[in-house]
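Each of the next two complexes has chain A plus one other chain: chain B in the first, chain C in the second.
For the complex of A and B:
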């Protein structure tokens, strides 16, 4: 069977939506993950609950199905009158869940850096930003980067659920075309192949980085 | 916003809790089926040669790089074209099992790598056949190493089973959506549902850890 120009235009639109959702959600997750990690590592004396709040957020977010977060946020935005659109809600929901997972990865990476590294940076009297920028982070990155990119693949897969709040992304395009009467099997082979084309390079990159940056 | 009202949810709480059973059933059966298929895939990968090995690797790569939801959609819409009309529950169950097999095979393969090669040689020396080597030596040893990863994936499947609601299955999320749309209190229903999933996850985590502890003590 042959896809018409309109079907191909729909696929183009849908792939773009899926890519934007994954990228924007992933970036939001990186920002949120860094913020959460900072909270969990914070030693600010007058805010002792900060670390606990960060840890609780991570524990809780990872135990709620993504679709429940998505529905909750969608109707919450409606109830609050926040006009951010279905795309905005989906990106926000991916950001919420991605923050939790990425915070675990970032914190894990920082913990691979031995305490003697922190101590020697202190002994050299480096200022705070230099301790992080020149001592801790370059070493932690080796343990952070491969799994973080691997998790991006997970967020690409989560974007499929955005179809449920009305975003016409890749899996929704498949549903639309098969409901329009096109044979479902070839339609979904195209859908799955497009997802594969987005995810597989990242999977490979994550694996290659893991090998190259392996902690010896 | 007209304030939160949890009354309609609390009224329907028994109905909502009934969904937990379907969620557990869906995750449990698809996990078991997935594990069976994963064992086959791993045997293909370890013992097979050439094409057989290749097929197993391709299966894993294809299914872990595409969303589970699209895989279930593909099954849900394609099966009738091949003359197979099955209930939504069965389509979701099949999709989840096929998807789980890819991830579980990865976990099994990693677990097997922790079994020293000498064990395999020792079993051969003792005159065990391939079946005995797998069931008496490789799987029990690897099982210990991969238990945490397996129980973690089971938890992921509990969360993933919420996708069944999209196909009209009355699992926890499906029932939550029903109550939400009939009472117009979706935010409240979803927060209660999120709470139920959190409780479920902690309870299951505890039970799985207990099971691990008991099995470890017996061995």
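For the complex of A and C:
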């Protein structure tokens, strides 16, 4: 069987949507995860609640199903009259949830670095940026990267839920094409292959990074 | 200069550390001359390690001053930690080496980043130090590939790269076998002979006896006795009695 030009255009549109959702949501999640972790580790005296707020956010967000966050943000955006589109809502929802999970992973990684490493860095009078850049993060990254990338790969699959608020992403394209009368098996073989093509490079990247960290 | 010969090279006075309501150190003070080895001893929980950590700003103190090499540092001042770290360097009991970088990089990291010394100059100094300590062939290895004795020498070399006026050693012999204990002892004596002032915390009474010129006995956060090692060696001196009781415990264990 042969896909028409229109079918292929739909696949193109859809795979791009899934890629953008994954990439933008993932980047937002990484940025949010780092920010939340910084809040939770913060020792700023005049803002003692910062750590609690961060921890509470993470605990709550990890307990809400993605679809609920998605609808919640969708209706909230509507109520506030914020015209960010279905894609904007989906990216935002992914970012909100991914920040919480990634913060747990990042914090866990930082906690694998022993207190004696912090003591040494302090005793050597390293400034705060150098303590993180040269001592803590290179060691924490070994514990952060594998679960973080594993989590992002899982999230690529969850972007399929964005179809619930009208985003025509990869899985939705499959549904549309098969409902137009195309045989479902070849359609979903293509969908499956495209999901694989999106997430596999991430796994390879993870392995390459892990290798580099192990050598340094 | 007259004051150098009159005033002690290191004068620690009235150091008090409280954690919550608990007093960890109460008005602890002691002195050391240049090139002296001073040992802090005492039962577990007596505050020896806290005292050592206070001297490098890892433990905040509510009050106290440290005068070292003519510079007076108020421990309750906000910049106390930075001032202390300009004067002192520490070798931790577990060494605290950075396993993710080479031995050489462990030594040059702070000199190049903090003291802004040129990389090649710092590397040259690091190699000279490693050679002196007999581990120049380990420069490119990760510390995790080294034995306990080698790790400790790396940690000492890293501390010496700071060009400290004061070298702090936390249980320098606890992780070593007897032959290495003697080696570290010789190294400490050599450094002291060159004018390095060394403060060590130790449970190893044999090393304390043979190395220290002064012994400070702490108990429950206070100095209960301080004596030159010759005086402390007389059998009925309280410090000698404490050390003998520690020996007895070690023999039982």
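By our rule, the second predicted complex is superposed on the first by the 201 of 216 C-alpha atoms of A that agree within 3 Å, B and C clash if a C-alpha of one lies under 4 Å from a C-alpha of the other, contacts with A are read in each partner's own complex, and residues count from 1 in each chain.
Keep this in mind: contacts are C-beta pairs under 8 Å (C-beta built on N, C-alpha and C of every residue); 3 or more make two chains touch, one makes a residue touch a chain.
Keep in mind that what you see is a predicted model, and the values were worked out from it rather than measured.
Trainee: If you stack the two complexes on chain A, which partner ends up touching A:71: first (chain B), second (chain C), both, or neither?
Mentor: So A:71 only meets chain B here.
Trainee: According to the stated criteria, A:171 is in contact with first (chain B), second (chain C), both, or neither; which is it?
Mentor: first
Trainee: Considering only touches as defined above, state whether A:188 meets chain B (first), chain C (second), both or neither.
Mentor: first
Trainee: Going by the contact rule set out at the top, does A:157 touch chain B (first), chain C (second), both, or neither?
Mentor: First partner only.
Trainee: Thinking of the overlay built on chain A, is A:123 touched by chain B (first), by chain C (second), by both, or by neither?
Mentor: Touch status of A:123: second partner only.
Trainee: What residues on chain A does chain C touch that chain B touches too?
Mentor: On chain A, the chain B and chain C contacts do not overlap at all.
Trainee: Which residues, counting only chain A, touch chain B once they are in their complex?
Mentor: 60, 63-69, 71-72, 75-76, 79-81, 153, 156-161, 163-164, 170-171, 174-175, 178, 183-185, 187-189, 191-192, 195-196, 199-200, 203
Trainee: For a test of understanding, state which residues of chain C touch chain A in their complex under the given definition.
Mentor: Touch residues, chain C against chain A: 56-58, 81-82, 85-86, 89-90, 92, 94-101, 109-110, 113-114, 158, 162.
Trainee: In the complex formed with chain A, which residues of chain B make contact?
Mentor: 1-2, 61-62, 64-71, 73-74, 77-78, 81, 155, 159-163, 165-166, 173, 176-177, 180, 186-187, 190-191, 193-194, 197-198, 201-202
Trainee: Report the residues of chain A in contact with chain C in the complex, numbered from low to high.
Mentor: 116-117, 119-120, 122-127, 130, 134-135, 138-139, 213, 216
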